[in-house]
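Two complexes are shown next, each including subunit A; its partner changes from subunit B in the first to subunit C in the second.
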Partner chain A sequence: MLRILPKNSNYFVNSQFLFLRHSSSAPAAATNEKNKEIANYADKKRIKKGSKKIPNDFRFKYQDFLPSPTARYRNSLLEKLMRKDMLERRSQVHIPEFYVGSILKVTISDPHSQGKTNSFVGICTQREYTGLCTRITLRNVIDHQGIDVAYDIYDPLIQKIEVLKLEKRLDDRMLYLRDALPEYSTVDVNMEPELLAEGAPVPVNETIVKMKPLPWMQKWERKELKGIENLDQYLNLWRKQQREKQATPWEKYDLMKEYRRTIPEEQQNKIFSEIFDRINKINEEHKIKAKAARRTITKPQNIR
Partner chain B sequence: MFLSKTIKTVLGTSIINDVRYTQVCFHRFKFIPKLRVPEWHFRVERRAKDRDDNLTERNKRFINEMSKKDHEKASLLKVPTVEPKEWKKGMIRCGIVAKKLGYYPLWTKDGTRICTTVLQIIENHVIKYAPPGEFNPTMRKRLGNYNKKGCLYIGSGEADPNRLTANYMGLFKESGVMPTQRITRFIIHPDAALPIGTSINALHYRVGDYVDVLGKTVDQGWQGVIKRWGFKGGPATHGTTKNHRRGGSLASGIKSRIWKGKKMPGNMGNRWRTLRGLKIWRINRKENCIWVSGRAIAGAPGSLVYIYDTVLPLRQPKEPLHFPTFLGDESKLPEDIYEETIHKFGDLTITFEPEK
Partner chain C sequence: MQTTSILSNLRAVTSVFSKSHFHTTSICNEVRLLTRLRVVDNSEIGKQAMMEGKPPKTIHVYNRQHVGYIGDKVMVAIKGQKKKGILVGLKQMQKVRVPRFDSNNVVLIDDNGTPLGTRIFVPIPTILRTILKKKTLAKGADYTKLLAIASRFV
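Up next, the complex of A and B:
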């Protein structure tokens, strides 16, 4: 269903953070021969356990399958049930690889205009929650009016999700586009998809955004964002002082905090080895379907 | 010397005359919910100091072997078969103990989303049945006359028998069931009695029926008036001092005292609360899970809750319930049982055809 976000939606799990830690259990630099032996043994064991070689980009492509890292909400049975349902839903609709900053087109069947579809094109500004509850927001400016629309990815109303432009941005959350100049969040509605070669790395779009004058929705100056250019232009002295006071530059060195907001590699491998065969099969089926759809396009007869 | 003598005399008289000499006048009564153990129940876990953690490996092996034997014995328990009976209105069935797992979204065929919670039904075994004559609850006044009703004692959840007390283990001796994490009593109609050793499944309930769920709310500790009762507090500025999160005046001058039940700061949470009239949307037969409407079931995820049939008069079942439990063939049913209106995830995407 269509859901337009309230203005002050502060609650979101930063989902992009979950997948940074991958090489946590990599053995430390083996100085002695003994340590080397241990490391080799550990590698062998890991390969035996996992049995399948899972590609490294799986944790980015299929972010939804990783559960939320907060320990008190986790339950192995609940995650297992969710994964099963997610795969079943994915067999019906192709949910492609996309990131915050890439341009999407979502079409849904609309209960208010029956027999028709409703589609929206926009920049993906954030990804919330995990599992069956994953939600994305798209932003676009239409007739000088900024619009944010939120979609649940596993909603059965969704007919198609297309990636028109696959790219990353400098930040993991792009909600500051609401306070930026409208030219940065406008996308052509009739845009044609830009294709990337298979296996090519995802390009990073390094555009830096100019903000509108105050008032803003949030205190963007405190969030350590890379994608904004002219923050200091609008800030007064008190706000600048507050930014320095409340900054926490040591937090990126806090190993424990990073541990709590990520999921360790062993658990990730366990999850992905479960779904590995099924999801590859589903992707192949969707490819065949897409090819068949391309062939059946015929010219309308009215054109002369 | 004189003091000690007086105390002795006082104590001596107190026992004879049954008089208490505690000072009550300035005593401050606080409601601190405790774990009150009923008479028939015993302490579950042994204290840390009584536990013998310094066992040798040989002894540990021996204990594990013995516990394995007990498990085998329990698995070979012969349960007498029950014949299904006719359910009539007002006949109370046995409840179930379940584990609250968490939030789970479901969608209907119209495309509307439903918020549900998943309840996993852990192992439930009947330990004992007290027929109407024997069952004699302590809180009789409040509960009413229970001479006509029986009681089922149900053990639920797995437990490590090495950690349990001998007294608690003795409660399971007659039944032959392995000792469990918790024992609960369910007051039932005498026709709904089950033989000792029977296990109760998720199929005890049906899809589309309504259910009450009882649980213990999350303990928030001592909280102020704003969080506990939703008061507004005082103004932030305009010269206010020390009055930002206060409750304001306690009463007016007419009565010249505080009314009973005045909302004040205190211990928040850690109480038993029920949510009534929750619909069952989906049942998973293999994992023993039930999807129940609503997100606000009491307790943190992972805590134990109790499920009953509803008391609400307008949500009573239209077809007779499985009585005393589900006794049919499980293997014929599908793994996932859905309510009629719910969209299965494996189905095609929803499309709306235009009206003619």
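Up next, the complex of A and C:
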């Protein structure tokens, strides 16, 4: 679900298997025509059933409400209680829609700083765990120094989460930015938010990064990443051989693995129909609050 | 004849490994004995050492684990001298909300806790304010002086 999906496996996309078992991993650049067809088909199917109409993008937008992709960590009661707490937290702090590759600004309270708050701007490079424990990692290069900060998004110390640029990248995990040239992870700290039209599809940023020379922190060549330019040029014979030795190309055909990692559509619908009304209400409340805040800022200019 | 063949074999073997930055162990991201650090303040000795490409080596960590964590005091060997320093950024995995840096950063101080430089070039984790205040005791060295020369907190 949050793990890297075998991207080039058309096998699953074609099979009817996917209709019933949605994997909630945000398929970075996988929105091709076939997927759209599948989505349409799934929509029709759902309407037929007469269940509550849950938008198709809910499983990407609110993927932290879904159970863990690791089957042995699932616990339906715990998840239900967690969902309740998550909604409570969401009613206090607006947690917007974002994906790996989006640029975020997180403000947390900090007792020793001057304004009692401390904020960090960076690219979201990974999204781990589910439920209340959902953790994101932001990365930025400030004063020529690469910095990663991890945040639990339901952390009570968080005061604000803003999305400065909503976009997806080619990979689900972008930790390789640590070993890429610094310009690929540099973001302006005082960046202004870029607004997208409501209901517009999330754009995919197809930047392909160049890496620093070896040594790297991890063996990126073994992870089937799309966002790195020509990985072979960095590798020597030994590493190429090892990659071939360790490769597991049959894994994408492992139906059982796929079955365990994904959540069936019925189960997802059950979860989402439980939170659907509440979350829409919360979102609207936050919208009204944001509008009111904007109005109070513009007022003094008119009064003069 | 034999010697040349051996030599050519050797060359083949070394060509594989010489380019590969061959390690017998995995990369050690902890600050331990003999870890190289990066001096991030503008002290004369620190600047020179970094310019020469001879970054300081940790020769002692002042805690029980002998592994340096954020805010810990270390002794470093720098340009043939022993100096003390505070770790202000680590490459190792950190706790939530604590930044992880791409290099192990150190700021040099003297025995009283006064920094040798007058400016720090890179951001400093804001949690150091809490940690260093806790570590400063009434009669001991005052480590919080370091915070006054920081240019930016993250």
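FYI, the second predicted complex is superposed on the first by the 244 of 304 C-alpha atoms of A that agree within 3 Å, B and C clash if a C-alpha of one lies under 4 Å from a C-alpha of the other, contacts with A are read in each partner's own complex, and residues count from 1 in each chain.
Everything below uses one rule, namely that contacts are C-beta pairs under 8 Å (C-beta built on N, C-alpha and C of every residue); 3 or more make two chains touch, one makes a residue touch a chain.
Here the structure is a predicted model, which means the values were calculated and not measured.
J.: Taking the superposition on A as described, I'd like to know which of subunit B and subunit C A:W250 touches: first, second, both or neither.
T.: Neither partner.
J.: Report for A:L77: first if it touches subunit B alone, second if subunit C alone, otherwise both or neither.
T.: The answer is first: A:L77 touches subunit B but not subunit C.
J.: Check whether A:W238 is in contact with subunit B, with subunit C, with both or with neither, and answer first, second, both or neither.
T.: Once the two structures are laid over each other on A, A:W238 reaches subunit C alone.
J.: With the two structures laid over each other on chain A, which partner does A:L214 touch: subunit B (first), subunit C (second), both, or neither?
T.: Once the two structures are laid over each other on A, A:L214 reaches subunit C alone.
J.: Under the stated touch criterion, which partner chain does A:D148 make contact with: subunit B (first), subunit C (second), both, or neither?
T.: second
J.: Check whether A:P156 is in contact with subunit B, with subunit C, with both or with neither, and answer first, second, both or neither.
T.: The answer is first: A:P156 touches subunit B but not subunit C.
J.: A:E88 in the overlay: touching subunit B, subunit C, both, or neither? Say first, second, both or neither.
T.: first
J.: In the superposed arrangement, does A:C133 touch subunit B (first), subunit C (second), both or neither?
T.: Once the two structures are laid over each other on A, A:C133 reaches subunit B alone.
J.: Identify the residues of subunit A that lie in both the subunit B contact region and the subunit C contact region.
T.: In the superposed arrangement, which is not itself an observed complex, subunit A uses residues 110-111, 152, 155, 157 for both subunit B and subunit C.
J.: What does subunit C use to touch subunit A in their complex?
T.: So the residues of subunit C in touch with subunit A come to 16-17, 19-21, 23, 27, 89, 94, 96-103, 105, 121-123, 126, 129-130, 133, 151-154.
J.: Using the touch definition from the top, list the residues of subunit B that touch subunit A in their complex.
T.: Listed in rising order, the residues are 101-105, 107, 110-113, 118, 120, 284, 287, 289, 300-302, 343-355.
J.: Which of the residues in subunit A come into contact with subunit B in the complex?
T.: Where subunit A meets subunit B, its residues are 1, 72-73, 75, 77-78, 81-82, 85-86, 88-89, 91-93, 109-111, 114-115, 132-133, 152, 154-159.
J.: Tell me, which parts of subunit A touch subunit C in their complex?
T.: The contact residues of subunit A facing subunit C are 108, 110-113, 118, 120, 135, 142-152, 155, 157, 178, 214-215, 217, 236-239.
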